[in-house]
Amino acid sequence: MLNVTDLQSGYGEMQVLWGIDLEVKEKSITVILGPNGAGKSTTLKTIFGTLKPWNGRIEYIGQDITFLPPHKKVELGMTLVPEGRHLFPNMTVKDNLYMGAYLKRAEERFEDSLELVYSLFPRLKERESQKAGTLSGGEQQMLAIARALMTSPNLILMDEPSQGLAPKLVKEVFETILKLKDEGLTILLVEQNVFASLEISDYAYILHEGKIAFGGTVDEVKESEEVKRAYLGV
Amino acid sequence: MAFVEQLISNLLYGAILGSVYGLATMGLSLIFGVLRIVNVGHGAFIMVGAFIAYWMFILYGIPPLISLFLAIAVGMAIGLAIYMLVVKRLVDAPELASLLAMFAIGIFIEEFAKQIWGADYVGYSWEIGGVSMLFTEVPFTKLLAFASSIVIAAVVYVWFRKTKIGKAVRAVVEDREGATTCGIDVNRIYALSFSLGIGLTVLSGVLVTLFTPVGINVYMGGEYTLKAFVIAVLGGLASPWGAFYAGFIFGLIENGSYTLLGLIPGVEPFGLTRFLSSVVLMLVLLVKPTGLLGGE
Amino acid sequence: MRNYTPLVTLLLIYAVMIAIGQGIQGMWQPIMLVIFYIAVGQALNIFLGMTGYVNFGYVALLGVGAYGMAVALGYYTDLGLIPALTLGFILAILLAFIVSMVVGGIALRLRGAYFAIATIGVNEGIKYLILGGKIWGGSSGIVLSGILRKAYGAETMRFLSTVFADAGLIVVAILSGIITMYILNSRLGYGLIALREDEDAAKVMGINVRRYKQIAFVISCILAGLIGATAWTLKLTYVFPQDVFAINYTVEAIVIVMLGGAGTLLGPVVGGLIYALLKYYLTIAFPGMQLLILAPLLIIVILLFPEGVVGYLAKAARGTRFEKFVR
Amino acid sequence: QQQPTTPAPSGEGKVETLYFGAPISLSGKFAEEGKASLEGMKIAAKWINENGGIKVGDVTYKIEIKAYDDESKKENVQSLIERLATVDKVKFILAPYSSGLTLAAAPIAEKYQVLLNSHGGASDYIFEQGYYYVVQTLSPASRYQTGFLDMVKAKDPNAKRLALVYEDGEFSRAVHEAAREYAKQLGFEIVYEKTYPAGATDLSPILNELKAANPDVLIGGGHFADGQLLAKQLAELKIDLKAISILVAPTFTSFYEALGNKAEGIAGPAQWEVGVKYSPEAAEKLGIEWYGPTQEEFLSAYKEAMGEEPPYQAAEAAAAVLSYAKAIEKAQSLDPAKVREAMNDLEFMSIYGVWKIDPETGKQIGHEMVIIQWQNGEKKIVWPESAANAEPCYPMPTWDEKEGGATCGS
Amino acid sequence: MLLKLEEVTKRFGGLVAVNSVSLEIDEGEKVGIVGPNGSGKTTLYNVISGVYAPDGGRIFFEGKEITNLPAHERTKLGIARTFQVPRPFGSATVRENVAIGAMFGRANAGVDEALEMADRYLEMVGIYELREKEAKLLTPLEKKLMELARALAMKPKLLLLDELLAGMNPQDINRILDLINKVKEEENIATIAMVEHLMHAITKFAERVVVMHQGSKLIEGPTMEVLNHPKVVEVYLGEKLKIG
């Protein structure tokens, strides 16, 4: 579904990604692991288009989307749950969700999406008319995922969705991600929670200093003591 | 008797003037609200609108009401051009960098206008009669200015509040990166808001001449820039319709207080009305630091 | 650690400017014009550059300073020259101090653009109070040259309005630079940077945000008052409300700060040089067209250096041996 | 016609260029006046050059105007004056437009001891500061509205109720404070006097009050924009008066364009006007010398350059140039001090009228203002009688009459 | 007793974010504060550090009432915190950021001293090599480390950490926990409160745990005891802890 070849990018003069190759299969969960600062978020941002690629090629459902601006990618069914949430703080929860369904394609499915989202996160329904900026950290994270779902995506890029969530919710989030997969979505995940994410994922990549240090099925990761010790600190 | 009559007459004119002030500030608020740009060149665009009204009337006899449409079109085109050439590149620069750019653009427009139109003070005379109301005479042109301002402000309100694109504008204001993940083309929203802001401003220039059809000059904008700033803050700064209400109030204070201040011996009441507006501004900000409609 | 070396650069620039002004015929007034703009930028920078708050009413402080000096010289000639001048400086400082304390007390509670525009209101308020209340001659202003000539003779008056006024302005300009440098290297400066970046976090960091803003505001305003007293009252020998409260000086000051780089020591100097010299030579070369040409040039500069020329140079110089000299 | 290009073969004499300096407003709020002034100067210079230049000893000087744009800003004026005095070595400077800018120029001119000739700075106090090198060509502010009051008095001794509504600025305040005192001497009763701040966009508060005061005659105004506004709103609020005189604005053609026939009957003081009767013959009658182009020459030269009739700013600037030429020739020296001295008892007439200064202050005392009035779509000179080319239209038609199409001619 | 809250309440409109919470922290304690998202932990910090004035109740620090003291004065008394969402002084360098803490915190250092301290603490948290970078260019994690250094440089008596470890990988978490323990000994920061959702960190760090729920204090006591309490498992953990 998503094919990334030799992706390079960075900030200003500073190169962060030094040629990333990765593949995301349809209806799968793929996780990118790696130490802090390895370039995981940068990879997602570059794929989504928040950052402009310096080099390489990004292919999505057979199309070359390397230099497509982000909003075009959303139209093609890709979206990002960014690190740091990036909600609309002075808009209500409901309006945040409404904005998620901004594009025509998503608007048509507004009611269905809303139902799905509220069933996944009943808490959001309770807080429907509260301003997003005043939600607690965890509530905000739920809203961020929920809003992404409102775009009725096929591929969701998630940057550390479990960060800052209470243990009970972390579990729920990972369960949610699994459920999303069951709903037919494809997920590219960046996580620090190594155990939980390996638990739900099908494929895993390990990023180290801007390069892919390892790529394969989850089982391969689990089997490789070396990988675990060298890159995952476990 | 004379006192009350004068007060009422002044308030009437104040209300009309205020509606024009209000509209003349909406564009400023819109641009500030969305792009955080303090358009110090604001008045130059009002001037462009005033000249559009003037030339259309003088050359082709087109009444200013029709020029409104031309003005918003021209304004939006100018706005778009400025956005593409300059503002787009400064979106991520420090806030005041764009202030400098708008300052330069304001100067450029004035000086360019001077090259083609000269620095003469001109005016036009569109006479369609008037009515006696509330102890004074009001020309229909002023009433038209009043009505148009209200209608246009209402249209902008509805656009902003009720349409999807209006909401998208708000979303972009709140969080740009978040907006992109919803599929919103941020660049387009910026371009639209900026050009609409300039369009409204140019359009308000036409209404300004409906109220005051004389004294049209390439440097006429400065006065309006100042007032628009004050009104914008009074209204909550980032809120275009807040600006509209505030303009209204501002007009009422400016004209309404005249009669009262005239009771103080040994002063120039007209000068003091301006002083009073500043005092009111300070008081409002003291009580409500985000302006009348701010922070909603 | 603390770095005062950029002062060397600063003083060097002044020395070169003064040498050019004195050495080349006809360059003195243009140099003074440059120094006027630099001073105006420098004083504004202490507040705007370091706190991020825009004081649109800045020109009001030049105005009250100008009036302070004019009132002393115009209404108290009996005192004799030196006492009247001294009184003038005291009044300029005092008025600027009072206005900035009051305005700061009220307006500094406001954030961001609200503050900026509240201060426009202050400027307009003071102007119209003088006009409407017919204070200090109202719109008739205070015209000093005749009074000075009568009281102290033509020679003294000429000395005052040329040599003394210019020297005074240079002193104020350099003083502003030194104060800027001092602040940049002091706890005050660090506190200001913190509150500029995140006021709430700064509070939790232990910074008395209100007081720090107020201090920077008052310093900036007093310097502005002194500029008004020297560059306007003494040099031009008259004060009219419409002139001294003209908001375009504020805008020009902001432009200068931004051209050079906000919050830097050399920013206003470079900004002032660029702005004033461009304007002056364009005036000579294309009378009547200079602004038309200046405007696009300004836009190009800001597009190339959105953080100002010095802001850019300081970044470029990082890690080189020039680093010490640019700030 | 003369031969314009070939220098006069004056035998032995050298021909040199003499620069007159001019910081003038080509941008900013005085741009329009500045542009007209500059053209006036150029026409005068050209006439001088074509008519033998200025002869000092056996050198013939051709005049050239060295002009810089001061952007209507005081701090620019100072550096430009210095540049003119030192770099361009100009000894004779035509002051910038407006009293404020002239006042800013004066200390620097004194410093470099170059002459400063005010053609656009009317305020009296410029000349009360004791500057030696500053002289005035135009009539001072104190004289602007007095002629109009004389005229009303002459036409209608019963018109007593006078109102003053003017801009709160140094110039118009000086004008109207002098006018008020003069009016009292003439026996007028001041029934209303108020000012409005510069830049006002609505005068209705004042005018509502004015209406209640029920005056016969109104004088007021300040500059262009507010003058137009004052007239416009008098019309809108239908405040009928027997006579109105407004500063500055009515002297411009755009005034009529802006107001249409509502301008009918509105008068205003002018330093000069197209159609004034100053001519070599008039000069001869008065026994003073005539110098400079004739009205017709001036008019056609200006029209050719600018495509419109000259406003008075052009004539007064031209007169300033002529006065320099005349004084230099009289002094037979290029030393500003000597030229200034020669000016003390210089008296001549030009298109602009008589030029004569008070030796003590440098203030203009020879020149007289004229009163113009819009009549039937034309600007007519109605006062003083010696200069007039039309009778005053008094009382002016009411606003309702004008709405019905009435003009001053009908 | 270092810090004492007496029935502190904070409302936002109709929502009671902190509901009559009484709490005591003794000198030298290591307290963990946990609770579901939105249970009022951050708000509690905000009230303690002076960002919000409480709507009811009183706060004491070292026996003195500080309920109405402005934030900056509380800092001077020795309360320091980090922010859940990092708040760096963006255009200042990392080093300047930390130095600001040293200057205005309880450390009250002069400029030179503060800059030296900054270097030391940056070294300590492991981002010394980033010290000349503008703070806004850091990754969220680096920002958090910088905030830790900044808070340490203030030499506080009470250090309030708000989800400092969120987003860190297991290696880093262990490193930072060790660091905090070390600093506590060496730098005389006797008392530390830690809001965290990472149970392995809480169990490793805290001696005592306070559980918040819907604005109120649900329960408090020794760490393992509390975390195994059925109520806590129900509202917060979802399932019994595997560790310990």
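Labels for the chains are A, B, C, D and E, by order of writing; each one numbers its residues from 1.
The definition used in the following text is that contacts are C-beta pairs under 8 Å (C-beta built on N, C-alpha and C of every residue); 3 or more make two chains touch, one makes a residue touch a chain.
Quick caveat: nothing in here was measured; it's all calculated off a predicted structure.
The chains that touch both chain A and chain E are none; no such chain exists. Centroid to centroid, with C-alpha atoms defining each point, chain D and chain E lie 76 Å apart. Separating the centre of chain B from that of chain E, both taken as means of CA atoms, is a distance of 48 Å. A separation of 30 Å divides the Cα centre of chain B from that of chain C.
Rounded to a whole number, the gap between the C-alpha centres of chain A and chain C is 51 angstrom.
Within chain D, residues 27, 168, 195, 197 each touch two or more of the remaining chains. Contacts with at least two other chains are made by residues 111, 222, 268-271, 273-274 of chain B. Here the chains touching each other pair up as A-B, A-E, B-C, B-D, C-D, C-E.
Within the complex formed with chain E, the residues of chain C that make contact are 1-2, 185-187, 190-191, 193-194, 196-198, 200-209, 318.
Residues 25-26, 28-30, 32-33, 36, 128, 131-132, 138-141, 143, 145-146, 149-150, 154, 158, 161-162, 231, 235-238, 240, 242-243, 280, 283-284, 287-288, 290-291 of chain C touch chain D in their complex. The touching residues of chain B, when paired with chain D in their complex, are 2, 5-6, 9-10, 13, 17, 58, 111, 114, 118-125, 127, 130, 135-139, 142, 208, 211-215, 217-220, 222-223, 254-255, 258-259, 262, 268-271, 273-274. Across the complex, chain B meets chain A through its residues 164, 167-168, 170-171, 174-175, 177-187. Residues of chain A that touch chain E in their complex: 11, 35-37, 41, 83-84, 123, 130, 134-139, 141, 160, 163-172, 192, 194, 232-234.
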